[in-house]
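Next up: some structures, all given as structure tokens.
The following pair of complexes shares a single chain, chain A, combined with chain B in the former and chain C in the latter.
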Partner chain A sequence: MLRFLVRRVLGAAVILVLISFVTYLLFFALPSDPALLSCGKNCNPQNLALIHKNLGLDKPIPVQWWNYVVGIFAGRHLPLGNCPAPCFGLSFNNDTSVWSLLKDRYPTTLSLAIGGSVTFLVIGVGLGLISAWKQGSVFDRVASSISLLGQSVQIYFIGPLAIYLFSVQLGWLDRGHDPDWTSDPVGSLTGLVLPCLIMSVIFWSNYSRQTRSLMVEQLSEEHVRTARAKGMGSKYVFFRYALRGAMGPIVTIFGIDLGSVFGGAIITEATFGLHGLGNLAVSAVLQSDLPLEMGVMLVGATSIVFFNILIDACYAFIDPRIRLA
Partner chain B sequence: MNKRRAYYAAAMLSAGALALSACSSGNSDGGGGSGKSTSSGGGANGATASVQSVTLGTAADSTGPAPAVAGAKSGGTVHDLEASGVNHLDPAQAYVNQEQVIGQLFSRQLTNYKIDAKTGKTVLVGDLATDTGTSSDGGKTWTYHLKDGLKWQDGTPITSDQVKYGIERLFSSYETAGPQYLQQWLTGSSSFRKVYPGPQGGKSLPDSVIATPDDKTVVFHFKAPHSDAPYAMALSGSGPILKAKDTGPKYDTAPFSDGPYQIASYQAGKALELVRNKNWDPKTDPIRNAYPDKWDIQLGVAQPGLTQRLEAQSGEDKDSLALVAPADPTQTSVIAGDPKYKSRLVSNYQPFVDVFNINMTRVKDVKVRQAIMYAFPMQQVQTALGGPPQGDLGTSLIGPTVQGFKSYDPYGKLTKPQGDPAKAKELLKEAGVTHLKLTYAFSNQPRWVTVATTLKNAFAKAGIDLQTKAIDSTAYYTLIGKVNNPYDLYRTGWGADWPNASTVIPPTQDGRLVADNDPNYSHLNDPKVNSEIDRINAIADPTQASSEWEKLAEYIMKNDVPEIPYEYDKYYNVYGDGLGGVSYNTPLGTLSPNTVFVK
Partner chain C sequence: MTTLTKPDTSSAPQDPAGDAPFLSVRDLYVRFATEDGTVKAVDGLSFDLERGETLGIVGESGSGKSVTNLAILGLHNPRNTTITGEILLDGQELTGASQRTLERLRGNKMAMIFQDSLTALSPYYTVGRQIAEPFMKHTGASRREARARAIEMLAKVGIPQPQTRVDDYPHQFSGGMRQRAMIALALVCDPALLIADEPTTALDVTVQAQVLDLLKDLQQETGTAIILITHDLGVIANTADKVVVMYAGRAVERGTTREILKEPQHPYAWGLLGSIPRLTASVDVPLAPIPGSPPSLLNPPSGCPFHTRCAFTATVGGDRCSTERPQLPDGRGSACHLTAEQKRDIFIEQIQPRLR
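Moving on, here comes the complex of A and B:
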């Protein structure tokens, strides 16, 4: 287990270093000058040169990148102020510490990702199991159709419709707001119901179809037929034998989907006006805010890598035949 | 005012043309201020709202407290919904109208705009100062006296040396976003930091530049006459800074208050909470009624949700407004089409004029530029951008919020707003151009993609082959800002920093300034225009100067045609009817927070 963790963490570190470097290069590959967004009406050469210096853009790109990486671990003294470790720089646009912005926004994205995942796993796997249990029934056919439909719609399409219907017209659900779990846990929960439900649609549609397919396949396996032949009850065989066999691939798919979950959270934030990493990423890109882009990218990538390692570790518990090495 | 970021902040998607009636601002309690727009019967053609000139107030006008708003009461919380974050809280860094208007709640300047909540009448008065200033030495020296009883949020008295320090601080290397008028006027140089690098090294500006003969008096000695000084003193950075509380660049996220409110909490891009500053004395303040106990400013509120919340006004949204964010274009027809919104609708001009620049470095023949002007389909473009609620058709370089505004239309654009392809063809023939091919550069945002198609079709009717070139929105100004850019036509906008064309014509039309990223995006370099700019700048009487600027603007349009002005931007949005005293700040193009109360 320890060797597994060390190997994966080292691999993750290499991935993150590469991501940070590529992001830096991509940013400077664009012809945009972030100083132009900071100079107001005063974009004369003197002011632009000063802004370049203040933003640290006056140094060669590899030096900028190296200073950035070192700053994450050792902190930096920037022209616009001291930046203690972990220093992800200061936002080009509002001089705020990127680390403080990330800490402020991460809970929203994480809440949405976890809430959305729980929602789509419960609904998707649940529907898939019932469909597999009742193969060929009306429920099975309706569930399959709904799943197909669900996979065809997008968050930014159904989100505004759902807000209009459930929040504006019917007033049943909160239109979505940022969670604050310490001071208002109930309000945080109600504020996430609609965003999580909408975000989960495209995912549970997929999981429903995948689960049904895997379960049907498992139910026709020899060990399942043997269990039935031995006189075991249908429910026991369904959950104890077939489901266990199907869980491994479902967890694998979930691991692969983690990146999409964070991507979905970003689109959901934009749709519902939540202040998470996605919202931050959009404003960073629109305002050519390199430190913010880098911060969001690294935190997002770290999260995905971390949860992937966690899921890999879960295999051992789900399927005892798998040994981590 | 920075039009660039205003564009990023405002989502102006097309929503179809709206009836003229939508341009009016009715308001049962007199709110909306100058939003009491009046139709000139011109349909979507030309300016349809009347704007009162901003006048200079007297010492009596500058005396606090602010006149009471009828029916107003103190208390409650006002919720301000803003589509974007506030990039700067440091008054010295504030330039965008959002930064300036929110800053009015916690910072005061030497002068400021006093707005009558009922009539919208706007007068420039002394804010911290007893009046708008006294000039001598032919307009080169301006003297201001501070009022009695002025205090910071910790009770420290406000003195003249703090005002001087506040101005000195504008020279600091980290103060790069705010206006630079005072720095340039005081040093007579655009490279003002070479003359004085700021107060960080312990150096102060000599008395020959800014003198503080006593605790209450500040004397500015400019290198040249500046009749606009009273207006420049209303910009956010023209106020005091308490040296002991100056945290340098970090002041941008936690400024110290001398206004009616102080910052209770701030989460960049997310929320700003303001509570009462107990040391603010209303008797010293002629412009801020400060009725609410608290301002809850919600930042980064997504559209169209922001507008829908104001429309639905459920719960706390009943006490909500959007100081800066205009209605989402998808919602303007909803608002215009339902009379229930009329009593809480504000529709008024902003200081921005939108133009299409013709690159004179590439399109040298004036007849060709006139042909482009005739072919330009301004009404279709207006429709594509959201129709009259987003802005009225305009043909002047100087917008209707500016003193002495004069509408002129030398090319009959308001008569034929859909374009005159026949006239364009005629001019091209006269110019000997048989197949004109132009490259139009635009930001790759949806609304500008629509406009590009509109232009291509309209120009084709005039025999002009328009090649469209989409540019990533973050790189747009970088690329069109280059003097040797490869484009013939591109869109920009400009807003007056105060209601005088001295902040419009010189920066955008002076050929001696042409350089990369200079706002003379058309690269106009007409010797007559350049000399006229110098002559008018030297006129001491602002009213006479305004008239001369208008004449020069008209001359430019008749003789040079560097730009195609097409729209005067408007603020158009509703507010919750739990609020009263909602007035409009014309110089900033935003709602004013100063007279608002919770019913």
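Moving on, here comes the complex of A and C:
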């Protein structure tokens, strides 16, 4: 298990190094001169050269990238100001450190991604399990038609409807606000309920269908039949044997969905007017704030890689054939 | 109301002195509803089995051997399966018994060894846990007692270092060891009836012999009744007391192992015997596999189900074989329209020379 994890973490490190290099190329080397962007209206060659030097753009690109990566871990002294670790550079916009902006916004996105995932896993897998338990029942048929419905809606369409209905008209749920887990944990939670529910709608239908069919398949597996042949009760067999077998594939599907989960979180943010990474990325792009764009990119990529490792670890935990390999 | 005072108990099923067999299957029908129609997987099957006895069930693939035995354990999906007939285990009716009743019997009084131990054991739990589970459930033993019992069972079936192997997962066992573990699992509650569905097909010949010996030894120790399902008449010869030959969901011949191997009566049984390769056979006598393939159980042939592949329908004469279903007599006999003399003569003159 330890070897497995070490291997995965090393692999992830390599991936992150590659991602950082490619994004660095994309943002600072390939497009128009980044110095031009921060040079402003009354730009002259002297100014431009100065900015070049200030941004370190006069050095070769690999060196620039290396300094950037080292800065993330060790901090940097930039000509425009000090940038303590983790240093993702200073925003072109107002010279504040990119990290302080990220640190501000990341909790919202992460809370939505985690909260939304928990919501759709609980609802989706739960519905799938009930459908599999009561195959062919009215519940099963209704659930599968609702699943179809869930797959054809969009967050930005049902989001405003839900806000209008549940918070404006009925007043049952908070219309959603940015979480602040340290000072107001309860308020943070209630503020996330509606966004997470809405975000989950586009995901859970898939999980309920997949869970149902995985369970139906598992229930006809021979090892499940053996468990019944031992005299184990049907609930026990359902949860301990069939669900155990279905869990691996469900986790795998979730792993594949990770990217869409973060995407969904960003759309949800925008729909509910929350201030997360998506919102930050949009303003960075609009203002051509390259260091900020780069920072958002890297944090997003790192999160996805990190959660992928977590999911692989779950998978290995579930399946001894992998854990003990 | 009179049953309470009725003195006559001689015919009561649970009477130990009565001569009702330990396991009695009467007129068993198993049908599956499928998209293509009704599959008549078992079609009027009857047999008996006593404690300590081994019954061999032989037949080609698809003849309904597994379906029959899954029906005894009540493991078919009730949603698409119709089962009629009588299955009496120690006087207790199993067809139509409640799930609770069946759960109490399964793994306890009756147990099953499945063919492919790699897929039949769960990859997610240790071998020890899988063996211990039914023991805890049926005897109320604690976790620790059940673990000790699992180790004891692993030792009994010849797994080396059972104290450590008990914590291994099935994929860490070899095929032969897994099959032994499967046997340990089936026997953990000392079942009175053990069904072994091709327990050795997946194993190589030496391991096969060891596993069969193991079953025999365990049977001698505990007096378990065994149903041994197999394609392989060689396996039958060494282990079974009596044999039922199945074809298309029916029993077509019944007898002691000796009778079936030495004087088989049904053309299908001749065919099965003819298709075993023999070391002693001279090379110029070709193997005689049964021509054609097993019939569709969606639409079984009329009359004798074997008539489409039988070389002796002309001997019977007319269209009797394709119109009239031959009956299998109780006890020794075969379901075939040939007369007893014809069967004997054909076997001695035409079949036997090819078997030697």
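Keep this in mind: the second predicted complex is superposed on the first by the 269 of 325 C-alpha atoms of A that agree within 3 Å, B and C clash if a C-alpha of one lies under 4 Å from a C-alpha of the other, contacts with A are read in each partner's own complex, and residues count from 1 in each chain.
Note that in this section a residue touches a chain if its C-beta (ideal position, glycine included) is under 8 Å from a C-beta of that chain, and two chains touch if they have at least 3 such contacts.
On a predicted model such as this, the values are computed, not experimentally measured, just so you know.
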{"item": "First (chain B), second (chain C), both or neither touched by A:A229", "value": "second"}
{"item": "Chain B versus chain C as contact partner of A:V6, first or second or both or neither", "value": "neither"}
{"item": "Touched partner set for A:V142, first chain B, second chain C, both or neither", "value": "neither"}
{"item": "Touching partner for A:N279 - first (chain B), second (chain C), both, neither", "value": "first"}
{"item": "In the superposition, chain B vs chain C on chain A residues touched", "value": "B"}
{"item": "Touched partner set for A:E221, first chain B, second chain C, both or neither", "value": "second"}
{"item": "First (chain B), second (chain C), both or neither touched by A:A74", "value": "neither"}
{"item": "First, second, both or neither for A:S288, with chain B first and chain C second", "value": "first"}
{"item": "Which of chain B and chain C A:R244 touches, first, second, both or neither", "value": "second"}
{"item": "Contacts of A:V63 with chain B and chain C, given as first, second, both or neither", "value": "neither"}
{"item": "In the complex, chain B residues that touch chain A", "value": "1-2, 4-5, 8, 84-88, 95-96, 173-174, 176-180, 190-191, 193, 248-250, 252-253, 267-270, 300-302, 304-306, 308-309, 312, 314, 472-475, 477-479, 481, 497, 507, 515-519"}
{"item": "Chain A to chain C touching residues, read off their complex", "value": "135-136, 220-234, 241, 244-245, 318-321, 324"}
{"item": "Chain A - residues contacting chain B, complex", "value": "30-33, 36-48, 50-51, 53-54, 79-81, 91, 93-96, 100-101, 104-105, 160, 163-164, 168, 171, 175, 178, 270-273, 275, 279-280, 283, 285-288"}
{"item": "Residue ranges of chain C in contact with chain A within the complex", "value": "73, 75, 77, 79, 99, 102-108, 111-112, 114, 116, 119-124, 130, 133-134, 137-138, 169, 171-172, 185"}
